[in-house]
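One chain, subunit A, appears in both complexes that follow, with subunit B as partner in the first and subunit C in the second.
This part shows the complex of A and B:
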């Protein structure tokens, strides 16, 4: 087999001489080629780019070097993983053969397929799961650093610069973790089986979306060594144009991640629309599918804007354009608008699949049908539709367009109507059900509690006069943690326990799931009620030191945070121990009626021997009674 | 909803779980409303302007308006939790019914939430209108505020060319702040007066307030502005008119 590519120097020496190129490429060749390209380009750029002198118009050499090296890393990594082989072969007129496609699907490769450009949706799902856990681990460690620093008013053992860098990296790491936490692992692994398909509509795009996430992470983590992301995750300009080169890592990360999200969005949407089993009409499609599709479809309008905003930021930093510089005719408000045009749909990208996943579990654990399926869909559709019309409520006090505060207050408060529908569906399903107490069941209650607090505090914040008091305070931080973590992460953890048997073939340890659930939920509420307290008392966000009056609330918050950490470590232990040596899972441990439980463990390569035909929806529980 | 309920035997309101939920609903509503508003009163502290007083009042009303909804969800959740439930590795029997929908409950739920939403929006608009009008008050004194990394400067433009790093305000006199920034985005927040507006480089934004209590209050930057963001704070001195006049003359301005 011939190829246009150089054979990477870092290819594993064990490769047999006759192996085809696609068999040689894996994570390690990708890392090797990525690092090598980055180093070479970094060296070339350092040597040949003009020096910053008194006369030079553009004095941004450092950012140019960093950005070029990161772009080289990205391209090198994607070549090294083999992302371009398929399209390239197609252009050459020698499309992949059946055997090669089966190789790409990970046939008979055991553990190795998890380190390759594998197209099987189940492999991608597991890859996403592991990466999500790693992302949360990093973000969680940073959160603990923040809380430890804020434990005492005079504590402040972190330098303000380091503190700001940690806050920024924690923010963006967690946002990305929560965006992928459900649609990544469960959207990829479970969704195609749930709709009765053999794979995704575009398997190669599926692999692409995952490896793009992997390629995106090193630039962001490199920010640790490049001065950090000192602007918070929102990276407002002009602060971002002052920030150290760590900011370039942020920009690069967002650009690559945005491409990944768009690719995944197109792929998952197409799969759900086109590949549902025979007889699976929209009325028989499980609610989880609606949640996943709404989530990734919302990302389709949101992330191109994010991508664009960061490209402009990169040009401002490296080539002295003035998109966001008021002295050159730009405006920081432009950035704020673009950012929140992504930022608000994005919170529903996180939230909707989490709620939908719990809606999927509610009938299973109450042994009765989902209450008002139609209302659930209306709620999801209503939230999705409205969420693109509310972005400027993040800018009530920006002074950008005071006359628009009224209209944005209206659209924001309207969202409470479809959100209320989701509550009714969940509580209506619990009502007079026959409760089967498991960790996912308890998670439904936890979600109702947390999301109620998150939702009602959201109504305070949507009101302009109240927001004029609370904006930019710890109250806001507590509010969005209640929605993204209290509701979103709770749904994701329940999904993990619920679908763990299908994904790993083993049951999640029951005791550990309960212990971690209790620690996380109690710790979570202690943490963020303490944060509401200091927010109402007037503590701003993102401060590394605070007035003495806030000590008590901050101490409470820090203690709660350590409880969450303990719970998360128990959960991590549960994942590892159950995966390695948990009880073997039966095919359908929850006696549920969706299609993913009709396939054996481990799920065969093409999922179904014979494609299923669906004749009813998946919620036929309960005894018929006149 | 009564005709729906009479179709069933026994009537819905006589069923034990419904009665239990009803009682819990009342209890939870009262607890939630009371605890949350106490929580707010104790943490926010005394307001130093009518803007802040209105804000606190709005939060209270929103709290009491939301309490019945939260109370209902909590009561239903508690009732289901108190009912017999099942542990184990195999599922319990199926529930005794297969109700999939209740158009009336759904409709009632939507109507109630729409009405509450309407109420919140209308009231919010009214207050917003009042706050916006106060910016146009021609009798108010004007102060230009300039934020920079990491300090505030105040130009008392009605009193000659006084520039100070301290903010002194006469009590009961409307004041309009014209806020801008030299470098990055800051946010001008006088905590106890409930006003906040971003300071943007290249633009002037406005906010207005009438401090109504003599005392010392907190001015904090509410937008991350770099290294020393946490320390970009000041005290706001609200003093009597005579004290203000003598302070401004000390600074070299005319009263």
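This part shows the complex of A and C:
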């Protein structure tokens, strides 16, 4: 393998020297190799795998073909992007040279670095930002299809099977979008600078975690052409084992995404623990760092369980194993337990960084210290700890271990205490502050309102008798949208506006940020309060048509959804126009005190010319020597 | 946040101990995920065994199929011993690296590599010799899950042991040996995870 260091310079007038392998690989080689591998393996599998016959024990040829092709896509894509160069060079004993590492970091490559296996955390942050926007765009379009279909009682313009598929894909796409929306763009771009580091602890793992997400998307989207995900995002078995091959896309997507999450979790946690600037004790570490670390640390043990559940699902579908098939000694409850062991911590994987981001902004826009830093940490720790003890509240009506319903009701209701601590910190910081009214400031109020509704309705649903009535209704759908979207997405959008100047060097258009905020928040509350009402009245979720009695509530909900869409389109316009031609941002437009605002725009390759030494906390607003 | 600044002596070359410590924490965190995964596998095994849904943990004989008889766990314990040999020889190599004994380092790494290859081959042989297929009830499914995932673990171990041996041979650990220390963390986990698998299979 020719390294860049070894490559001889071209003599004047001669042909350009041959490019080294790492210079040749990019998104397009990855796509090419991934598609070629998938097609070849698909053809070979179709040709050589035995046909299903009346006598054959295993009748899963179609799933075998699809899964093998998807595995080939994944391996081909990762080879094509260059993910395996580092490990193989390690085995060969030919470690990457300084020049090669600088190439991987994207030095002097301009826009091309965004299409390569670039290790610079800022590039990875921007890549995540763009991919997150695309994920939300896809999920949003699907949401509008759902709401348009539900605008009238008869529904009808979507086939019920297509409707189910759209609901399932919308669910999982949005869940993944919300998982990465803070830790992806801002955890990568902002966090290392905020702690005074030159990069992440493991830059190549950082690139790996991003490109794994990219590799996971095509299998997911292929579900559209393979019968869809007709089970909803939770993909309960044994329903999933009977679903069309679109379910194989879901399985591959989750498996690849779980690896990405594990890699990112180890990387971000190590960075925060080991790479903080000199003098940045835990008491001086910004609260956003706590939020991001809690989120990824929670995901670290949670996602492997989900990963395993999907491996077993794949084995049931493709090799007729019997993990979830009661005829062969399997159990559907096994899947539900594994799924929710991940599924409930995952809610806080989404929420905690969003709330922490707003806690980071609250002192900046009130010009006051964060109210009770220690209480905020206790709240984050309490939520993280309790979140792994509440999973069975999703299974009250499933019939699994009824004797445990009481204890799980208790642990679920207990989680409102640390959640209340975070509310207290935010309200205490806002209290009598000299408010600088920006879109992020307003987002703090929006989060308090939305999260209050999401939280209180969550307490209703954790109550066993009420859950027996409301389970599977639109009330549940409204509840989790109030938490994940009303709180989580609100925090993410505020983060976008707040850190946009540092990430792009441009100010986010103020008017557009306000217009978008108003449309999204008004539309959001109209949408989901309407959904609460029809849910309370008894409308089940995941149905394509409903009784006439629910018409008014659904029409209001659909109108609200269109308002959200308008707000999100304004936001998208704001991102594009501000990025292209917004006002140039000063180094510290918000007069904030965290380290990311001490570096110039654009941020240099290694962030700091000289590493900082921290001598006080980040929230010393209003103090004489701050 | 008040921040002073100081010039870093050389921003591109950190002390090997700092890099090693960081890498060790990173590996431990990845192992946290892997441990959660392994414990979930054990949960699946004992949950399905405990439920014994439709008496299909170990299905009785039918007209079409003989009864599913569990595989003796002795093979799984032998495999654990083999992985233990790999761990011990790697530790021997690490001690060589610490005292700058290149011969001991290369020899220990080489034997560890051989142990990892043998363990993987033995695991595959065990799977292929099973008297049932994955479709023969819950125990059979769990058996192939445990052994299959152990094979993946062992394949990764072969890759890592190969790299470690090759780098030892090339003398890349003369200056510092934190790679060798970290590989031992991996070997230790491989030994524990093999033992966990053997433990589960001891209770069919």
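By our rule, the second predicted complex is superposed on the first by the 606 of 626 C-alpha atoms of A that agree within 3 Å, B and C clash if a C-alpha of one lies under 4 Å from a C-alpha of the other, contacts with A are read in each partner's own complex, and residues count from 1 in each chain.
We take it that a contact is a pair of C-beta atoms (placed from the backbone, for glycine too) under 8 Å apart; a residue touches a chain by one contact, two chains touch by 3 or more.
Source: prediction; values computed, not measured.
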item: Fit-or-clash call for subunit B and subunit C when the two complexes are aligned on subunit A; value: fit
item: Touching partner for A:164 - first (subunit B), second (subunit C), both, neither; value: first
item: Touched partner set for A:466, first subunit B, second subunit C, both or neither; value: first
item: More subunit A residues in contact - subunit B or subunit C; value: B
item: Contacts of A:598 with subunit B and subunit C, given as first, second, both or neither; value: second
item: First (subunit B), second (subunit C), both or neither touched by A:398; value: first
item: Partner chain in contact with A:542 - subunit B first, subunit C second, else both or neither; value: first
item: Touched partner set for A:327, first subunit B, second subunit C, both or neither; value: both
item: Subunit B versus subunit C as contact partner of A:414, first or second or both or neither; value: first
item: First, second, both or neither for A:614, with subunit B first and subunit C second; value: second
item: Partner chain(s) touched by A:606 [first = subunit B, second = subunit C, both, neither]; value: second
item: C-alpha centroid angle, subunit C to subunit B via subunit A, nearest 10°; value: 110
item: After superposition on chain A, the shortest CA separation from subunit B to subunit C (Å); value: 8
item: Where subunit A meets both subunit C and subunit B, residue numbers; value: 326-327, 331, 620, 625
item: Touching residues (chain side subunit A, partner subunit C) in the complex; value: 57-58, 87, 90-93, 95, 98, 196, 198, 201-202, 205, 262-263, 265-267, 269-270, 273-275, 277-279, 284, 286, 300-305, 307-308, 311-312, 315, 319-323, 326-331, 334, 337-338, 341, 593-595, 598, 606, 608, 610-618, 620, 625-626
item: Interfacial residue positions of subunit B with respect to subunit A in the complex; value: 17, 39-40, 43-45, 51-52, 54-55, 58-59, 62-63, 66, 69-70, 73-74, 76-77, 79-81, 83-102, 105-106, 109-110, 113-114, 116-117, 120-121, 124-125, 127-128, 131-132, 179, 183-185, 187, 189, 191-192, 194-198, 200-203, 205-207, 218, 220-231, 233
item: Residues on subunit C engaged by subunit A in the complex (per definition of touch); value: 1-8, 11-12, 21-23, 25-27, 29-30, 32-37, 40-41, 43-44, 47-48, 51-57, 59, 133-142, 144-145, 159, 162-163, 166-167, 169-170, 172
item: Residues of subunit A that touch subunit B when the two form their complex; value: 160-161, 164, 230-232, 236, 238-239, 242, 326-327, 331-333, 364, 366-375, 397-399, 402, 405-406, 409-410, 413-414, 416-417, 420-421, 423-424, 427-428, 430-437, 445, 448-449, 452, 456, 459-460, 462-466, 468-469, 471-473, 532-533, 536-538, 540-547, 589-591, 619-625
